[in-house]
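Input: structures, listed below.
Both complexes shown next keep chain A, but they swap its partner, so chain B is in the first and chain C is in the second.
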Partner chain A sequence: MTTLNTRNRLLKDRLMTWAVCLLAALTAVPLLAILGEVLLRGYDQLSWSFFTEPTPTAYRAMKAIEAGEPIPGGIANGIIGTMIMLGMAVLFAVPTGILCGAFLAENQKSRFAQTVSYLTDLLQGTPSVIIGIITYIWVVVPMKGYSAIAGSVALFIMMLPLIIRSTEETLKILPASLKEAGLALGGNNARVMLRVQLPAAFGGIFTGVLLAISRVIGETAPLMFTALGCSLIRWSVDKPISAVPLLIWEFFNDPNLQELIWGASLFLLLFVLTLNLIAKYLAKKWNQ
Partner chain B sequence: MNDKLYRGFLFIAALVVPVVCGGVVYALVTDAYEAFEYFGFFRFLTSSEWSYTDGAEQYGALPFITGTLMTTLLALVFCIPFSLPVALFVGEYFRDTQVAAVLGTVTDLLAGIPSIIYGLWGFYTLRPVIMALDISEQGSGILTASLVLAIMITPYASSLSAEFIKMVPNDLKEGAYSLGATHAEVVRKVVFPVAGSGIFSSYVLAIGRALGETMTVTMLIGNTNNIPESITSTGNSMASVIANQFGEASDLRLSSLIAIGLVLFLITALINMVGKIMIKRARIS
Partner chain C sequence: MEPVKPILEFKKTCVSYTRQTMAVKYVSAAIERNTITAIMGPSGCGKSTLLRAANLMHNLYPNIRVDGEILLNGENILAMQPIDVRRKVGMVFQRPAPFPTMSIYDNVLSGFTLNGISLSKSERDATVERCLRSVALWDEVKDVLNKKGTFLSGGQQQRLCIARALAMKPDVLLMDEPTSALDPIATAHIEELMQELQKEVTILIVTHNMGQAMRISSKSMFMYLGELVEYGDTATMFSNPSDERTKAYLTGKMG
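Right, the complex of A and B next:
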């Protein structure tokens, strides 16, 4: 009787181990499926002109399809739009985020800092579509039009909490002796932060910025009501502008342009995942 | 730079966050006010009519609240059987090994894929499967959206759960082993009870993510403005109705959409707050 019972328990144990392994391994399936599909359907669309030419109009694309030719044009307008908006967002979000993160790390016990910390979480959890609405109300309505500025404001709001958090976390795990040594050498708080703490935390902060960029670069919803999209290559910041995810959305909705979906997705996916892997690699390297 | 100036500088930077949050709430409330005033707060939330015929406009949020709740809960149900094993794999069975690191990278990458690409994959790969299996005729709907949502929230739930599973004290587990418990029994009788509240809170945060997910749901839910009758029927979530109609809306409809945004914001804020508080408690104990 007891042996049977023991055998049962051992069997259950083995079953459990196998179930855990099997189910855990299954999570790799969607990743491989998505990567595989985007790669297989998108790789032959990537060419030089795909990155240098703007999106064709639906009419031109229709003509090409009728003539049995590949759709002309590419996603240059989206790449440039993404770069402009991301650049502006990074330019403002990185300094603000680092300073705010430094504030939180320096004043951990103050009421105000705790409130700011809580609000940072709130902002980070806010759905991106709501960031889009807010930016529409704040920027698009007063400026009387969609613009790259509005798009970058939306991206700024999305990046800010991520950079604040990574700065704060990195500064907090620095040994206190580092700061004390700096102060003992006669530096004031600002000097120690700038010359000792921030350089020591550079790795963590840099990783945080990379991850923040990879998080927002694929965001579509907040750009739909702010940057809107545009089929021309534009360098001005006060007019509607396109972005790579916006183009994918456009291609998805326009039967004439559907052929372009996969190339654009492949580009976006590779970019985001590479950025992710680099960030992970750097984090590991700097942690050692 | 003198100390006072430095502190002032940091303070001003920190002020940006409350200002943005205050601005978010202020803008949502003022712009949603028109809809709430016209329909009444509770009638807006409980009315299931959404029609924009001129002169007889009727907007109610119930179909979208239902759609959001259905997709989120269903996604949670689909996500647990995979995220829990992943958490056990990384945090207990193969803790600190090379395979666990590989699985960790896999889930990290899954978390990194943009939601619009999840949507494309769901539309072009999963939807035909659902149609072929004869689960639903049009392929898109609550079920399709939830399945992809489940994949999207698995990394969040599993990485946080794994963290709590790793925190279970070794002497507790060793005690159980020395009494003759098998690994499975240790997991069930020691790891789960000890890490339980932490694991639970990680699912609360995963819900918070699923609630506001926009593009994937918009591409897969079918976009109809009625209360979904079953999990295979089409519908709209709060986020997807905003994504779909915001661009073309004006006046009362725009205000109604912003009101839905406000409701969504409040729900996610509440869920996230509950999750964070629970995590804090679980970490301390």
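Right, the complex of A and C next:
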């Protein structure tokens, strides 16, 4: 028998469920809105030359606008700069981060490890603009100039805590039996770590590296102090170099180049989303 | 007639996890070469702890203390380097733990890899075949040697783990409830295998299963609350236990 009271309670329950669903859906709105906006505005700009040519000068862009033509040139200088700096940062951050993470996972009770672990957290929370200015003092000033090296140092510092954490967490959730089985065969700690534990943790660590890359690829502030930017395609590491997020900022500041903002943003956004999707896929596959 | 020298000997061995409590109390026992010795006792009696001490597994956990002596061929292993001890004393765990990223082939050879010993291709092939044959796994896996070890069934995985331990030609093989995660058929396989293996290696096995102890072991230890209550011929212990506690355990009144 359903009394009025029961019906009221059921109704409230249903209302509550709907409210929660609605709020959950709302959280997806910002991302979809951003993606939609950037896609709509940037889609037209994407062409082959957009990825192969460097940024046009303001003068060329102005002429093109006057003639009613699309702005020539693209963001190749930024893509190459981003790849060079990211590549160097990854090259150093991956081994350093993995070794540090392995140390933290193996020595959870040591005072030193706990301190390092805490400092890692602090580093992760350090505002990127501060990392930028510090790298400026440490690298740009002694080297007497902006460079890709300086930019990659800033990105390295930003990636490091992310890789350390993901390595540490992945190693910690491996069954202890794996390590014991390795040691029981007479292996020393280093060999068991390299041959058994790290390979077993590979999926988690790789996911962490991908997430670290997607986290720093959009960093603008630290690169302003270190890589500076450059409108030419450049392969050298000791000279100022461009990066995609730096270009977006430059385009925004130059009325003649503003149309290029959206193509560059779309590229960056899609790149990060793809990395994230790959990371998600790997993590899922890993957990099976 | 001179008595046979024991291969492994516990001498007043104590293991403590904390300052106040001892998990293993003054255990003294000599294990004879090429026998299977079963360690029985209710949960928490310290039997696994004693077994793991013989492989210096406790070195992994700094708060665990091992006192007394454990002699391997007359040498006190507590004074030796763990990596040297573990080459001579192999271990098989309760849950089969083949290395998940290695193939079956590489799993058998993992002891060499982990010790930095490189073998020629023919030596590797020969070792893999010899070890897999000695655990009666060769015929089942010879065509899938490159598959991951985790691809095998639980019983096969456990036999792979035994093969992996045997590859290092240990003097002693410690087995910590090796069949408790397996079904009866796989268990029977492993028990049969152990009977064969005792010709080449001395086996010390912790078991919860009294039937298993009776079927496979020639000697048995009964432990209770960290003490070694009784140690002797398995047949004698089962038919005529000398201690009341052993009797109570074997008749199911305790444990």
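Here, the second predicted complex is superposed on the first by the 273 of 288 C-alpha atoms of A that agree within 3 Å, B and C clash if a C-alpha of one lies under 4 Å from a C-alpha of the other, contacts with A are read in each partner's own complex, and residues count from 1 in each chain.
Definition applied: a residue touches a chain if its C-beta (ideal position, glycine included) is under 8 Å from a C-beta of that chain, and two chains touch if they have at least 3 such contacts.
Quick caveat, the model's predicted, so the values are computed rather than measured.
Give one of first, second, both or neither to describe whether A:3 is in contact with chain B, with chain C, with both, or with none.
So A:3 meets neither chain B nor chain C here.
With the two complexes superposed on chain A, say which partner A:109 touches: chain B (first), chain C (second), both, or neither.
Only chain C; A:109 stays clear of chain B.
Chain A residues in contact: does chain B have more, or chain C?
After superposing on chain A, more of chain A is contacted by B.
Between chain B (first) and chain C (second), which, if any, makes contact with A:272: first, second, both or neither?
first
Considering only touches as defined above, state whether A:175 meets chain B (first), chain C (second), both or neither.
The second partner, chain C, only.
Check the residue A:191 against both partner chains and state whether it touches chain B (first), chain C (second), both, or neither.
both
Would you sort A:199 into first (chain B), second (chain C), both or neither based on which partner it touches?
After superposing on A, A:199 lies in contact with chain C but is clear of chain B.
Residue overlap on chain A between the chain B contact set and the chain C contact set?
The answer is residues 188, 191 of chain A.
Which residues of chain A touch chain C once you look at their complex with the stated criterion?
The contact residues of chain A facing chain C are 109, 175, 177-188, 191-192, 195-196, 199-200, 202.
Show me the residue ranges of chain A that touch chain B in the complex, using the header's touch definition.
Residues 9-10, 12-13, 15-17, 19-28, 30-31, 33-34, 37-38, 95-96, 99-100, 102-104, 106, 112-113, 115-116, 118-123, 125-130, 132-134, 136-138, 157, 160-161, 164, 188-191, 193, 214-215, 217-221, 224-225, 245, 248-249, 252, 261, 265, 268-269, 272-273, 275-277, 280 of chain A touch chain B in their complex.
Over in the complex, which chain C residues touch chain A? Could you list them?
Within the complex, chain C touches chain A at residues 55, 57, 60, 62, 82-84, 86-87, 90-91, 93, 95, 97, 99-102, 110-111, 113-116, 161, 164-165, 168.
If you look only at chain B, which of its residues touch chain A in the complex?
Contacts found on chain B: 1-3, 5-7, 9-14, 16-18, 20-21, 23-24, 27-28, 31, 81-83, 85-86, 88-90, 93, 103, 105-110, 112-121, 123-125, 151, 154, 158, 182-185, 187, 208-209, 211-215, 219, 239, 242-243, 246-247, 257-258, 261, 264-265, 268-269, 272-273, 276.
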